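Consider the two complexes below, in which chain A is the common component and chain B and chain C are the respective partners.
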Partner chain A sequence: MLAEFIQFLFSGITIGSIYALAALGFGIIYNASGVINFAQGEFIMLGGMSAVVLAAAGLPLPLAILLAVAVVAVVGLLLEKLAIEPARNADIVALIIITIGASLVLRGLVQVLFGKNTRALPAFSGDQALQLLGATILPQSLWVLGTTVVIVAALAWFFGRTRFGKGMLATSYNRLAAQLVGINTRLILLGAFGLSAVLGAVGGILITPITYTSYDAGIMLGLKGFVAATVGGLGSGVGAIVGGLLLGITEAMTAGYVSSAYKDAVAFVLILLVLFFMPRGLFGAKVSERV
Partner chain B sequence: MRIKALGRLIGASLIGFATALAALGAWAAEPIRIGSVLSVTGPAAFLGEPEIKTLQLYIERINAQGGVIGRKLELVHYDDGSDAGKANAFTKRLIESDKVDLIVGGTTTGSTMAMVPLVEAARIPFISLAGAVVVVEPVKKWVFKTPHTDRMAAEKVFEDMKKRGFTKVALLSETSGFGQSGRKETLASAPKYGIQIVADETYGPKDTDVTAQLTKIRNTPGVQALFVFGFGQGPAIVTKNYGQLGMKLPMYQSHGVASEEYIKLSGPAANGVRLPAAAVVVADKLPKEDPQREVVVAYKKAYEERYKEPISTFGGHAYDGLMIAVDAIKRAGSTDKEKVRAAIEGTRNYMGTGGLVNMSPQDHMGLDLTAFRMLEIRNGDWVLVD
Partner chain C sequence: MSGAQRYYGLAALVLVLAALPLTFPNAYYYDIAIRVLMNAVVAIGLNLLIGYAGQISLGHAGFFGIGAYSSAILTSHFGWRPGLALLAGAAVTALIAFAVARPILRLRGHYLAMATLGFGIIISIVILNEARYTGGPDGMAVPPFELFGWQLVGERLWYWSMAPLLVLVAWGALNLIDAPAGRALQAIHGSEIAARVAGVHTSRLKTRIFVLSATITSVMGSLMAHYLGFITPDVAGFFHSIELVTMVVLGGMASVFGSIVGAAILTLLPQLLATFEGWETVAFGLILVLTMIFMPRGLVPSLRLWLLRA
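Take a look at the complex of A and B:
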């Protein structure tokens, strides 16, 4: 019984930390611009896909990973420069629609350049599952979990301690006021896209050995990541993590104890409940307190 | 009076032109127009792409050898983007403005079923490349199909399970159309083989982890084997999780994963997995005396030489569809639609990539269980087990 429960828990934590990584990327751009970046799922896909293609071209894995992150960062910066910045005076909804367009373009480009097949990346520390209390977990899941924790800590430091990070937060609260006190909001927005592209890429690379990747992998990851971000409270780092894990664990427990057919339904009911009683998400309120 | 005369003059010259044009057409031996609506882009692209490539390749080859009954073949192709609504609109265009002689296509069951009412009304022979039983059951006068059905896959698997003495089986199916149709057929045909489905779980086509479902299945009392029904990356993730959990339950997959990609993605966990597949997957491994060897090896060679990518069963379905159509036109000696339809229905002993085809007025697919080979994956490669 206990072993069963722990297995479901591991399953939930693995899926959940993937959702959490996706949710974090949504939060950063939202903080800097108030925009929900619907191309976030594509950043994740592009990270995994670039690493696979570079590794398949014969590069050693660590180098392929670094290059893949760089590629996606450049894509994120270009997206901001070429699509978002020219329309920066448009309202939020227009910007959101632009990101949807960007996601379609990225998906199409990958489909044409790298094909429609599902691709795999070797696991960083082998495929031998670890045994714990009668349940098993893949070493790669630990990589995902560990990196997620490191990223959250780094982001907390970035937003709380650095000038650029604080500038980003200030811009999100009031762009005009931020400009008046001398913050370069253009640079902030560019930085936010670069940062969340890097975050997406790291997430995508970490999860590809577990989930595989294909040109359309970003759709589902983006959707679930957005849901996790909303549950946790948009823009909150802790919220993204908790939202992601909560979503993942609920899914796994439902699949295990109720029926896999209701897995997604129960997750969505949970979201409705959270949003009904806490419209800003679980941790959304804390963000407004900081103002 | 003068206006009337002028009218008569114009009328006469129009008739003259028309006659001249008709004569010219006959002299140039009008091509046989083969219409096709395939899902070359969109989610079903991995099916549609090899299909269109196969059609293009073989129509080119047939034309290079002088065509059929002295006429060239001409392919009129539309891509429905895996959208059944578009398939319907393009079929209308094929019938009304392109005036095709027959249609080969309809990649997915959804697209095919959207095309069926149109071809039935227009009375045009239609060979579908879609999998589900519903395409040919109940029999529709003008509709035929080449791929194996999910019911056949389930029956082939049950046959093998029975041989190994398994009677209590867990089913794990995908929530996609393919998986759910497969689930329905599996549940329906299990009692015929004395097999009891003791667990009936599902997973989403984009799910990234199914260890919860597998744990539940492993803990089901009395379970002897696992049958997974899905295609694409889902079954590979199932297989990987199965390895992660160290499960020893014999695993069966459906014909949906009969590709090198599945083995590559699943890694060592796929060893020991059994699945029903068309002979085309193991073309090189068929024994010399196998009656199907010649056709699948020739297809494999032609396709791989041209496109530098591995063949799939799906392209093979398009090959069979085209060859059955060409053969029927030859036997009919014309493109008269009723004669061609009757000739397709009269197809006997046609050995294709999918298996031996014997059509009849009651059976518009013409394949039986021998069309599937039971394969096992050993050391990352296919092995024939029967």
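Take a look at the complex of A and C:
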């Protein structure tokens, strides 16, 4: 009983960490620009896929991983330069459609270049499972958790201690005021896309040894990251992490105790409940519309 | 658009639809034309919601799926008559849409996009998993459509049934815009709070248009299921929702004729690109991005502006 519970809990926390990273990516872009980046899931897929392809081409794993993160970061910057920046004054519906379009382009290109097959990446430190209170835990899960903790700490330092991070926060509170005190908000926006792409790529690379990846893996991962971000409250860092873990654990428990066929529906039932009963999420700011 | 302009447009549509079959060398062309007609009706229905009321839906394929699978399941598993099954599907869709409309349409922007998307995906997951009735990922066969003992088979018959339907729906949509309800909808699109201050019962109106739009989509889902004779859960999938939104956006939000053009382009495109697997997705994506950047109003309204200026 307990062993089973711990097993589910652990797999929930593992996948929840990936959702949390995706949710942080959504939040960072949302804060910098008010845009919800529907291509965030493609960053995750692209990270995993690039690492797979580079490793298959014969690069040592650590190098393949670093290069994959760099590739996705460049894609993120290009997305901002080519698709978001030219449409700066568009309304929300237009921006949603632009990022959906960009995600289709990325997904289609990966399908054309690397095919529709499911691809695997070797685990970072072997497949020898560990035992904990009767539950079996993959070493890759520990990599996921450890890296996520390091990234969250690094982000806290970045937003709390560096000029660029503080500039990002200032921009999210009030773009005009930030511009007036000399913050380059265009650069902030570009940086936000780069940073989100890196977060997505890292998540994608970490999870690929466990779940594998394919050209269309980004859709569900991205949507669930968005659910996590919305559950926690769009734009809230703590909310993104709580939302991600909450979603991951709920999903794993549903798969374990209720029905694995309906595992994927959990996120979307959760999001409808949250939006119906607390539309600002758990940690979201209250805003009122001006007329 | 003024009243006279509207009837010129409708007359042109009737002429084009009547003359088009003269140019069709074989049944394949009829087949494509029928798909365009059906998609155009769905796009007009969705445009009522997106273009007129300003409410995005990323889950309309869910309603399409409810219609398609209601018809498929009721006719093949329970022996219902297709006409009755279509009505039952439409009624179920209307009820579901009515039930979710209030809480969903209270949301705005990204939250609305997320809620409609989540709703659509839940429907497609249910269809995928209830394999006992739906055949799961393999899909299921659907018997031909018949009404009062009269079977609708063959491309010609379908074309001459769907063409008048499109004209009828286009006419209805055009009339709705200039009716008081249509003007109120456009006020909601401009600013919801301002519309409410001016005395528009916004939530009731939004609910009605949502239910109408969902029901049209469901009916077309039923008809498409009968026409194709075979359906898979993809008809209710996220990608289909995106395709429908693309038709509306590319053709032009709040433009009835735009929706027809958008549906035509998006139906023809996969046929032209069928040999380049994967590029189809890239092309869809590029169309979305480029339209939003360079012609945020969409093809038909941009062309009209350009013609007026010239």
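Methods note: the second predicted complex is superposed on the first by the 263 of 291 C-alpha atoms of A that agree within 3 Å, B and C clash if a C-alpha of one lies under 4 Å from a C-alpha of the other, contacts with A are read in each partner's own complex, and residues count from 1 in each chain.
Methods note: contacts are C-beta pairs under 8 Å (C-beta built on N, C-alpha and C of every residue); 3 or more make two chains touch, one makes a residue touch a chain.
Everything numeric here is computed off the predicted structure, so don't read it as measured data.
A.B. asks: For A:Asp264, is the partner it touches chain B (first), chain C (second), both, or none of the two (neither)?
C.D. replies: In the superposition, A:Asp264 contacts both chain B and chain C.
A.B. asks: According to the stated criteria, A:Ile210 is in contact with first (chain B), second (chain C), both, or neither; which is it?
C.D. replies: A:Ile210: touches chain B, not chain C.
A.B. asks: Give one of first, second, both or neither to describe whether A:Phe10 is in contact with chain B, with chain C, with both, or with none.
C.D. replies: First partner only.
A.B. asks: In the overlaid three-chain picture, which partner chain does A:Phe193 touch, first (chain B) or second (chain C), both, or neither?
C.D. replies: Touch status of A:Phe193: no partner.
A.B. asks: Classify the contacts of A:Phe283 with the two partner chains as first (chain B alone), second (chain C alone), both, or neither.
C.D. replies: Touch status of A:Phe283: no partner.
A.B. asks: Look at A:Trp143 in the shared chain and tell me whether it touches chain B only, chain C only, both, or neither; answer first, second, both or neither.
C.D. replies: In the superposed model, A:Trp143 contacts neither chain B nor chain C.
A.B. asks: For A:Phe43, is the partner it touches chain B (first), chain C (second), both, or none of the two (neither)?
C.D. replies: Neither partner.
A.B. asks: Where on chain A do chain B and chain C both make contact?
C.D. replies: The answer is residues 219, 261, 264 of chain A.
A.B. asks: Show which residues of chain A lie in contact with chain C when the two form their complex.
C.D. replies: Against chain C, chain A makes touches at 36, 83, 86-87, 90, 92-98, 100-109, 111-112, 219, 223, 226-227, 230, 234, 261-262, 264-265, 267-269, 271-272, 275-276, 279, 289, 291.
A.B. asks: In the complex, go through chain C and note every residue touching chain A.
C.D. replies: For chain C paired with chain A, touching residues are 50, 54, 56, 103-104, 106-111, 113-115, 117-119, 121-122, 125-126, 129, 191-194, 197, 238, 242, 245-246, 249, 277-289, 292-293, 296.
A.B. asks: Inside the complex, what are the residues of chain A that reach chain B?
C.D. replies: For this pair, the touching residues of chain A are 4, 7-8, 10-12, 14-15, 18, 116-118, 120, 127, 129, 136-138, 207, 210-212, 214, 216-217, 219-220, 252-253, 255-256, 259-261, 263-264.
A.B. asks: Along chain B, where are the residues that touch chain A in the complex?
C.D. replies: It is residues 43, 45-46, 49, 175, 201-204, 206, 208-213, 215-216, 219, 232-233, 236-237, 240, 243-246, 261, 264-265, 267-268 of chain B that touch chain A.
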